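What follows is a set of structures to go through.
The two complexes that follow have chain A in common; it is paired with chain B in the first and with chain C in the second.
Moving on to the complex of A and B:
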């Protein structure tokens, strides 16, 4: 190849790269201005005392040191971990169960799918208010339990029951997770079931050795997104605690409803942007670590095809 | 209700000519006064003194323009009179913490008055639920509204620290206004670090609402006037069913809209911060004593039965409100609660009464202890398009008499401007005598809102959480002082970091 031809090719390559960059630039500019810059700014602010209207003042690790000494932070993390470790598996299990029952083409399944999906369309604040009405003393659930001589729990006042009430609300709105599971279930080739049936597998064995492995990529996805969602839990817990005592973000009773996001909002409301930014970065690192651990252990339990794709 | 009809173009022209004549006269009179060496210091002036510089020459609309120019213009050299009355049309945006629905109606007479006084001015009302966050973000972004109205009683410290609002002392003095035109609590509402950051509009005094029928049923002839009587009455008014369920509670300090746990601390003489907001002062005997006193009311009942009662209460802001329904016999609440029955269509029950919150033994005058739940004021954000125009609108809004009284008829707070307060008293007490209790509290020289600090929200929430822990027994009685000291130390550390000290 002559040098003139090489030069022409280089020019053509450069033009192509410039064209690609030009086409990408609206997104790139938007990303840099609206995503990258705020992220970097919040990282910087987390090492400062920053208030609206005033330049940031560098305090090094001061905000992080205060965070470690903050007893409410531990409480908020515990509450969030409770919702993640207990609430999320229950939610996924029920969503999978319902999806398994409704994935098969049967008469009336369409209506049931709709019924199970609709609650996930209700805004979390509205569904929180609805559950508050249903579960409070003198409400329909308490009345129903009373018919059987059972004293209704204090869902919103007894710390032992507040988080279960939140989990119930999360379980009610499983429509979106159910839909993802159903998509995974209908994708499983019938031939696999026929093969294990020939081997004499029963219902449980079919589920254990075919269904579960085949939907494991879907399970991985719902677990990861669900976990991130729980770490950001705010609205329903906020509605429940505001119902008990409006106007405060203490997550009463006894802070049992105080989630990490609620605590963070309080510091933002106090105008303490630096401290709230430090909280955001602690949560980011925590989420990143959990995600990396899940990704690292993925090969052990997520079924992959031979080319390595999940 | 006072309203001014909108002006057509010819009226505006005629009024403009009158304005020029009046302004010219004022300037001449002021020059004469200055030449004669008259004392123009603002100290002796009252609200009427705003006349020439900011109040309108439209005497029909402005009650404060009756002053003669020589007493009304304390400093003519700084007076922006001409520009204020003869300028291009300008739309000013007023952000308010009241909702669009509530605020638009309530503010209408006040806005109409100002637009009539300053024909070039149009005030656009915008209700903001999250005004505290919004205003900070707007100032940071360089696009603040022209004026804000909000309850910043606990937040002046961070507004000052962030440079979100500006002090108005220079304009106030220039126009010869006097704080004597407001109740003392009104001045304190907008005061921080010896500066004034706005003009007060109203205060939210707190009183003890009582159900007269319940008191009579329990054989109580007079509402309680001291702490012991209150505890005694609460015990007598408590109604427990044969199955142990609580049917009616006599009194508890924190049920309903807001927690009055902190508020009781103020009644005991506690302060959350020192005057300039640089020190947390929770580890004091007053705060511990107030928590122990409150505990006595909960100890009257089985904790589980009380929680079941509390959980079954109707919504605070509805006709099912627990006090309206009679589930609670005595209720610590701010003045605006008087408007509740009307809002929810029932009308005020005959058996309601309001007294000042009981005082400790030995304190004869309940108005000696007059902490307020909060209060509203007008503030000028930093970086407004035209500070003079904002000030004109602000002083016009805050100095109205009839219009503010009319505003408070809707909102249910108590005016801080003495003229409006007198009108409000004359009109409202005749209709609802219980307002007198709140008016007296607002007039008290001790009327005061809570102090402000850079960690106001944090301290409110964490103290409330500590109070709940103590109530549930998670903090033992002999550990209470230590718990308060720990909380104080932790909050002080947060505050020191914010202050850079």
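Moving on to the complex of A and C:
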């Protein structure tokens, strides 16, 4: 009797496991074929000299040592740091500013929200072409500045101005960040504001001591995804530099638009698969380090509510 | 047009402050509007210039003119003569439709297994799924490219569509978030009535989660439409390109001739379908963005 019941239960368990496996199978197969295998493969290749169609030759840490001595890599990392340290704060600030101004329902806010959101729908290659046209010599921006008697910089000839152009483009496309901030702002309980108002807090104090701490989980999230995004930046920088000098992945002018992903793609296109793999793995590790460092310092500047938020 | 982008629940307007603070309040209101109007102008002008440039006659397009002398609608036809835009359009549509179908078909069961089926190790495996969301494409494509080359898939849409049928982490995550908001009682009731897990999924979860599934479909469609890196990697022959790659090549070629009016006309044609999809499904779309925190 009991053994029969146990057998029946075992059968049911087996059925259940099979069902779960069946439900998961698309992801399981995809994970093995399109994620796990490629990652392991590129890890192996990163320790070899490898060209497609030829066997890999083991060189140990050779590629990684070359990476350390690579001046262009340093340049790409500097460009990335520029975009992260200057571009990202500007984007987050504008997104938070707009979200703060528009979070509460007022007449006309719907139209504003739409206007600020829609640019983020424009694909980076299209906004790249658009901003290349807007900022070019004799373009609309130069024309507008001319009305005020200001001489426009040579955005795409002067290496000092190419990254500000990229940052302007990025700031135009903050719609997603704005939406996430808005959702965070709406979730702040009204009672908190009322409490500090009783203490006589002004507008700034309310923002500083209620709004900022309460949306810090959202800020954390947007900062983290923003940093990872900057590390992978490619499309707009590619469109700009192709406009300056077509057919090359050197980030012209003077490497000012060279991003990490662009340099990696160049080594890949040149058939240096081992080196490109090493670069990819360094990028992966950098992403991990950024994430872990941010997670580790999270408690210091992210306010956590009792329900654990975000 | 004036649909509110984020659903908000707000108590009644706060009572107006009294006395001296009224003038400060007025000052703030004026400041708020000044900032908003200035920013709004900066966000709207690029669109305006794009539209104006797209209908500028070529003689004027090469000058600093801001407003076209006459509206040259023929620019839009001219783009079709310069590049096989109809072919690009068709290629892009094929990629988008197939990738969207693949994503929905593959991610719905996976997300269900991660939300409403109980099994040992579920949390650990889900953390693994989340971790793969962080993977840069760079560590994957170097080896994927070799696989696709050996399969003879270069210059076809297969590298851009087949992987979509094997569930990506972002869509699984988004769908799971939606599924978790569904009432478990209905599912348990179906199970007590003898429904299998697949039956519960097909007859209870999918009908209830239609908005979530729509959001995932729209995200995938827009991602495939906008994607440049992948198509640029796998497509090279002129008749295989998607719009994104075609636009970049057109832009690069026309920078030299100064025909930015044609580039802008092509850009308008490329962006319009996206805006159409967005306006068509705004509510579902916004819900998705705020639920996951990002468009991915």
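Everything below uses one rule, namely that the second predicted complex is superposed on the first by the 279 of 310 C-alpha atoms of A that agree within 3 Å, B and C clash if a C-alpha of one lies under 4 Å from a C-alpha of the other, contacts with A are read in each partner's own complex, and residues count from 1 in each chain.
Note that a residue touches a chain if its C-beta (ideal position, glycine included) is under 8 Å from a C-beta of that chain, and two chains touch if they have at least 3 such contacts.
Note that the coordinates shown come from a computational prediction; the quantities given were computed from them, not determined experimentally.
K.L.:
Sharing chain A, do chain B and chain C clash or fit in the superposition?
P.N.:
With chain A as the common anchor, chain B and chain C collide in the superposed model.
K.L.:
Should A:29 be classified as contacting the first partner (chain B), the second (chain C), both, or neither?
P.N.:
A:29: touches chain C, not chain B.
K.L.:
Per the contact definition in the header, classify A:138: touching chain B only (first), chain C only (second), both, or neither.
P.N.:
It touches chain B and chain C both.
K.L.:
Which partner, chain B or chain C, is in contact with more residues of chain A?
P.N.:
Comparing touch counts on chain A for chain B and chain C gives C.
K.L.:
Just chain B (first), just chain C (second), both, or neither: which does A:201 touch?
P.N.:
In the superposition, A:201 touches no partner, neither chain B nor chain C.
K.L.:
Applying the touch criterion given at the start, work out whether A:57 contacts chain B, chain C, both or neither, answering first, second, both or neither.
P.N.:
Only chain B is touched by A:57; chain C is not.
K.L.:
Could you look at A:72 and tell me whether it touches chain B, chain C, both or neither (first, second, both, neither)?
P.N.:
After superposition on chain A, A:72 lies in contact with chain B alone.
K.L.:
Mind working out whether A:268 is in touch with chain B, chain C, both or neither, as first, second, both or neither?
P.N.:
In the superposed model, A:268 contacts both chain B and chain C.
K.L.:
Between 110-118, 146-154 or 218-226, which chain C stretch has C-alpha clashes with chain B?
P.N.:
Clashing stretch: 146-154.
K.L.:
So which positions on chain A get touched by both chain B and chain C?
P.N.:
Looking at chain A, the two contact sets intersect at 52, 136, 138, 246, 268.
K.L.:
Could you pull out which chain C residues touch chain A in their complex?
P.N.:
1-6, 8-11, 28, 32, 35-36, 39-40, 42-47, 49-50, 53, 63-66, 105-107, 109-110, 112-113, 117, 119, 125, 129, 132, 134-147, 149, 163, 165-168, 172, 196-198, 201, 222, 225-229, 244, 247-248, 251-253, 255-256, 260, 263-264, 267, 270-271, 274-275, 278, 286, 289-290, 293-295
K.L.:
Per the contact definition, I'd like the list of chain B residues that touch chain A in the complex.
P.N.:
That would be residues 132-133, 136-137, 139-140, 158, 161-164, 254, 257-259, 304, 307-312, 316, 382, 454-458, 460-462, 464-465, 468-469, 472, 474, 490, 493-494, 497-498, 500 of chain B.
K.L.:
Could you please specify the touching residues of chain A with respect to chain B in the complex?
P.N.:
Interface residues on chain A, with respect to chain B: 49, 51-54, 57, 59, 62-63, 66, 69-72, 136-138, 154-158, 245-250, 252-255, 266-272, 275.
K.L.:
Over in the complex, which chain A residues touch chain C? Could you list them?
P.N.:
Per the touch definition, chain A meets chain C at residues 16-17, 19-20, 22-24, 26-27, 29-31, 33-35, 37-39, 41-42, 45, 52, 94, 97-98, 101-105, 109-134, 136, 138-140, 142-144, 146, 172, 176, 179-180, 182-183, 186, 190, 203, 218, 221-222, 225, 228, 231-232, 234-235, 238-239, 242-243, 246, 261, 264, 268, 273, 276-277, 279-281, 283-284, 287-288, 291.
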